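In the two complexes below, chain A is the common chain; its partner is chain B in one and chain C in the other.
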Partner chain A sequence: MLGEVILVGVMVGAVYALVTVGYSMVFGILKLMNFAHGDTYIFGTLICLTLLAKYNIHPVLAILIAAIAGGGLAFLVELLVYRRLRAPQHRLISMITALGAAYVVQNISELQWGNQVMSFPSIVESKFVTLLGLQVSVTHIITLFVAVLCIAVLILFMRYSRYGKAIDCVSQDMDAASLMGIPINRVVSSVYFMGGVLGVVGGVLYSSAYNAVSLGMGFRGTLIAFTAAVIGGIGSLGGALLGGMILGLSENLIGVYVSSSYRDPLLYSLLIIMLLVKPTGILGNSDQTKV
Partner chain B sequence: MLVVEDIHAQYGKVKALHGVSLKIKEGEIVALLGANGAGKSTFLKVISGMLKPTSGSVTFRGKPLNGVRTDRIVIAGMAHVPEGRRVFPMATVMTNLEMGAFTRKDKAGVKKDIERYFDIFPVLGERRNQRAGTLSGGEQQMLAIARGLMSRPSLLLLDEPAMGLAPILVQEIYNIVQELNAAGTSILLVEQNVHKTLAIANRAYVLECGVVAINGRAEELMKSEEVIKCYLGEVS
Partner chain C sequence: MDMSFFESKMGRGLLFGGLTICLLLTPTFVTDIYILSIFNLMIIYAILCMGLNLILGFTGLLSLGHAAFYGIGAYTTAILMTRFGFGFVAAFCASAVLAMIAGIIIALPTRKVRGDYFCLITLAFGEIFRLVATSWIEFTRGAMGIVGIPIPKIFGLQIVTETHFYYLGLGILTFTYLTLRAITKTRYGRAFIAIREDELAADTMGINTSIYKIMAFSIGCLYAGMAGSFLAVYQTAVTPSNFRLEESCLMIIMVIVGGMGRNLFAPLAGVAVMTVATEVFRSTAEYRMLIIGLIMILVLLIRPQGIFGSSSFKN
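And now, the complex of A and B:
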């Protein structure tokens, strides 16, 4: 039993990490809490639902289209809403604007899909296999695998590609980066796009693993990403992974061994404790979070 | 090479420049002198496109730069080594240098240049895999200059490269500036250290509260009574 709970926790954790990575990268580069993150990727997830349920498109293609749509929406939100408020003195205003953007995106989705919980088809046939003496669902294994793969690709890209290094430098010092000839607007746009894409992949994996999706998951997704990012160290890639993992695991352990109604209160207590004890997060350093 | 005409600029409501004009000819070292707050760094920011002037024009190699983005200006051949070094603290020395060459496509040439700067600044070579934030101030300054040169600029803007450095390093930095210039790079050197700067510059401008108070050939300024009285008094 404990083994299965931990495995599901790791799966959920990997998906949370995927969602958090996008959120945290965006924070790292603009120091902006992107409240629209969750609603943006739920928009993409719902597009995937329509493609799968209504048009019967192959799951891989459906996820790809949905991810691009979600990435495109994130790109648009940055371009239309955040770009003009990028200067440090506008930080509070841009935060409020981000809340506004979240509601606009949420309401657009609501017009199209309504606000009830919808069933989400399983992308792979749900079978159970016995692995190392544990009863595990194939869906969970594939979910875990895809999430880990996406994160690994992202880490390799950030570490070794010229563009990835440039993104990192823009988040360290935007003015100095522009003096290197790095096109700041293009870099910021691409980070938003990537954050949206990874978020949609996370959203689809999660919805497919639980066979459900709803608009409410958008705001909850933003909160989860925020909490995981703060716990792990906001702006840091490794921190997003660690934070996502801690949340996914503790959520499942609490849900099973305590009570699912204590899940959210305990999670957000964790957030408050973290902010009080080590506001930079486990892997964060003060340099990255300084304003 | 660079023609700047009647630049006015401000931060919010605070006016920093009131009509500054300056020219740099191919191959020159031009010094921009003045006390703290005279507007020197602001002026450089206007030239490299980081700050939009309220009026006035900048022309670089015959092309107007008004409204041109900083990254385009770098591609056009200008590099700005900003005040306070501004290396990327969490990135390695190597990555900092690679980023300096972001606009270049010739990988082999970039590698060669990096090795060249490791020869000129051996300490950077020894610390190539170290995070730039862990370097000493002088080492960071060398890194900032080398990083600025990685784009192979034809005009280099240097904002107080000697600030906070030990005298022996200051001399080293000045020698390097002269060598770079001899190799064909035009230089706009912003400094507070009037004496040393005039010794290597062809011409100089003195900024005072956002306007050019004096300008002329460096050797003439060194003899000018006004300059000696106001700026060189305690040095000699």
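And now, the complex of A and C:
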């Protein structure tokens, strides 16, 4: 039993890591809490659901289209809502507009799909195999594999491509990066796009593993991403992975062994405790106020 | 328009007196129960937003969990009156104090964490409160909520009709205004503003910023507890859905639309605009969040200081 719970926990953790990475990258660059993150990726996930259930499109193609739609929406939100408030003195204002953007996206999804829990088709056939003496669902293994693959590609991209380096530069010092000829707006837009794409992939994987999707998962997803990012160390790629993993594991352990109705309150308490004990997270750098 | 008349002492006195008379006589002119119920709703939001303005407008702390403190007040009154036979006055005081204590506890982290992280703490607390209120069925009766809250009695007077509740609410609102005015006129009020303008500078000038932040936050929560207590006896029922994040956002918008900052009355404009707008758009309830969201974005992009704001926020 414990083995299965941990394995599912690792799978959920990998998906959370995927969702968190997109959010954490955005925070690393703009220091902005993107409240619309969860609602954006649920929008993409719901598009994927429509493509799969209504039009019977091949799953890979459907995920691709949905991911681009989610990324596009994230790009649009940044362009219309966040860009004008990018200066650090507007940080609290931009948080409120971010919340407004979350509401707008959520309401648009609600008008289209309603706020009921909908069943999400399994992308792969759900079979169980015995692995190392554990009963494991094939869906879970494939989910884990895809999530790990996406993260690995992202890490390679960030470390070795010119674009990845540009993103790193912008997150370190936006003004200096701008003076060095890095096109800030394009970099920021592309980070939002990538965050949206990764979020949608995570959302689709999660929904197909649990065979369910609902609008309520959007805001929960935002909070989960915040919590994971804060635990791991906000803004750091490794921190997002670690935080996602910790959250996925503890979610399943709490859900099975403690109480399923108090699972979310306990997870959010984790966020508060972490902010109290070590606001910079496990892998984050200490942040100092510049005078 | 020449504003100097309204800024002179006599002008302000006249304006104030006129306003007071209008407010006191409202139930004589407004006989429609529905319109009066909107007035009562506005009073509740006015108390909440005046308190929130102390937190957001004066001190510059963004609280996304104000509805939770409102809820703590409402649930305290509901539980004390239905289960422990408390009178309204005692339950009202207990609600206010409990909300304030919760506020102190939640504000403690401001000593260590930055503003945007603090905002996350309030957000998480708001969600935890709502989820616990929904799940702890033995204590809060879960999503069904607590019903059958008895008719409040104040010194032998029974509060039953809309008009009665109007005067009770007006009394609480007056208390809120007078105490807030007293607080903000002292050095405490100036310290709050100093923290909003530049926290580091305030700290350097010898203001104990963490204590003042906790103070501002918990006092704001005290009023939320009062508003919650009033809501409980007014609705005679409380459910967790009264205290969702949406509610916290609505309060923030009201404060922003009215104008954050030194003017204590400014949030009232936001309350009036948003309450009336909500009622007018009631038939299009499915667009409610879209409208709220768009207002949040547009107001902050176009006029961050609101209709009557004294200074733009954190600028």
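Following the convention adopted for this analysis, the second predicted complex is superposed on the first by the 286 of 291 C-alpha atoms of A that agree within 3 Å, B and C clash if a C-alpha of one lies under 4 Å from a C-alpha of the other, contacts with A are read in each partner's own complex, and residues count from 1 in each chain.
The working rule: a residue touches a chain if its C-beta (ideal position, glycine included) is under 8 Å from a C-beta of that chain, and two chains touch if they have at least 3 such contacts.
A quick note: this is a predicted structure, and the numbers were derived from the prediction, not measured.
By the touch criterion defined above, A:M95 reaches chain C but does not reach chain B. In the superposition on chain A, A:V60 contacts neither chain B nor chain C. With both structures placed on the common chain, the touch criterion links A:M1 to neither chain B nor chain C.
Of the two partner chains placed by the overlay, only chain C lies in contact with A:S261; chain B stays clear of it. Counted by residues of chain A touched, the larger count belongs to C, out of chain B and chain C.
Once the two complexes are overlaid on the shared chain, A:Q172 sits against chain B while remaining clear of chain C.
When the two complexes are overlaid on their common chain A, residue A:R162 makes contact with chain B while staying clear of chain C. Residues 287 of chain A touch chain B in one complex and chain C in the other. Contact residues on chain A toward chain C in their complex (touch as defined above): 31, 33, 81, 84-85, 89-93, 95-97, 99-104, 106-108, 110-111, 219, 223, 226-227, 230, 261-262, 264-265, 268-269, 271-272, 275-276, 279, 287, 289, 291. Across the interface of their complex, chain A is touched by residues 60, 62, 64, 109, 112-117, 119-121, 123-125, 127-128, 131-132, 135, 200, 245, 249, 252, 256, 286-290, 292-297, 300-301, 304, 313-315 of chain C.
Contacts from chain B toward chain A in the complex involve residues 48, 50, 69-71, 74-75, 79-82, 86-91, 95, 98-100, 102-103, 133, 147-148, 151.
Those residues of chain A that touch chain B in the shared complex are 162, 165-166, 168-169, 172-173, 175-184, 287-288.
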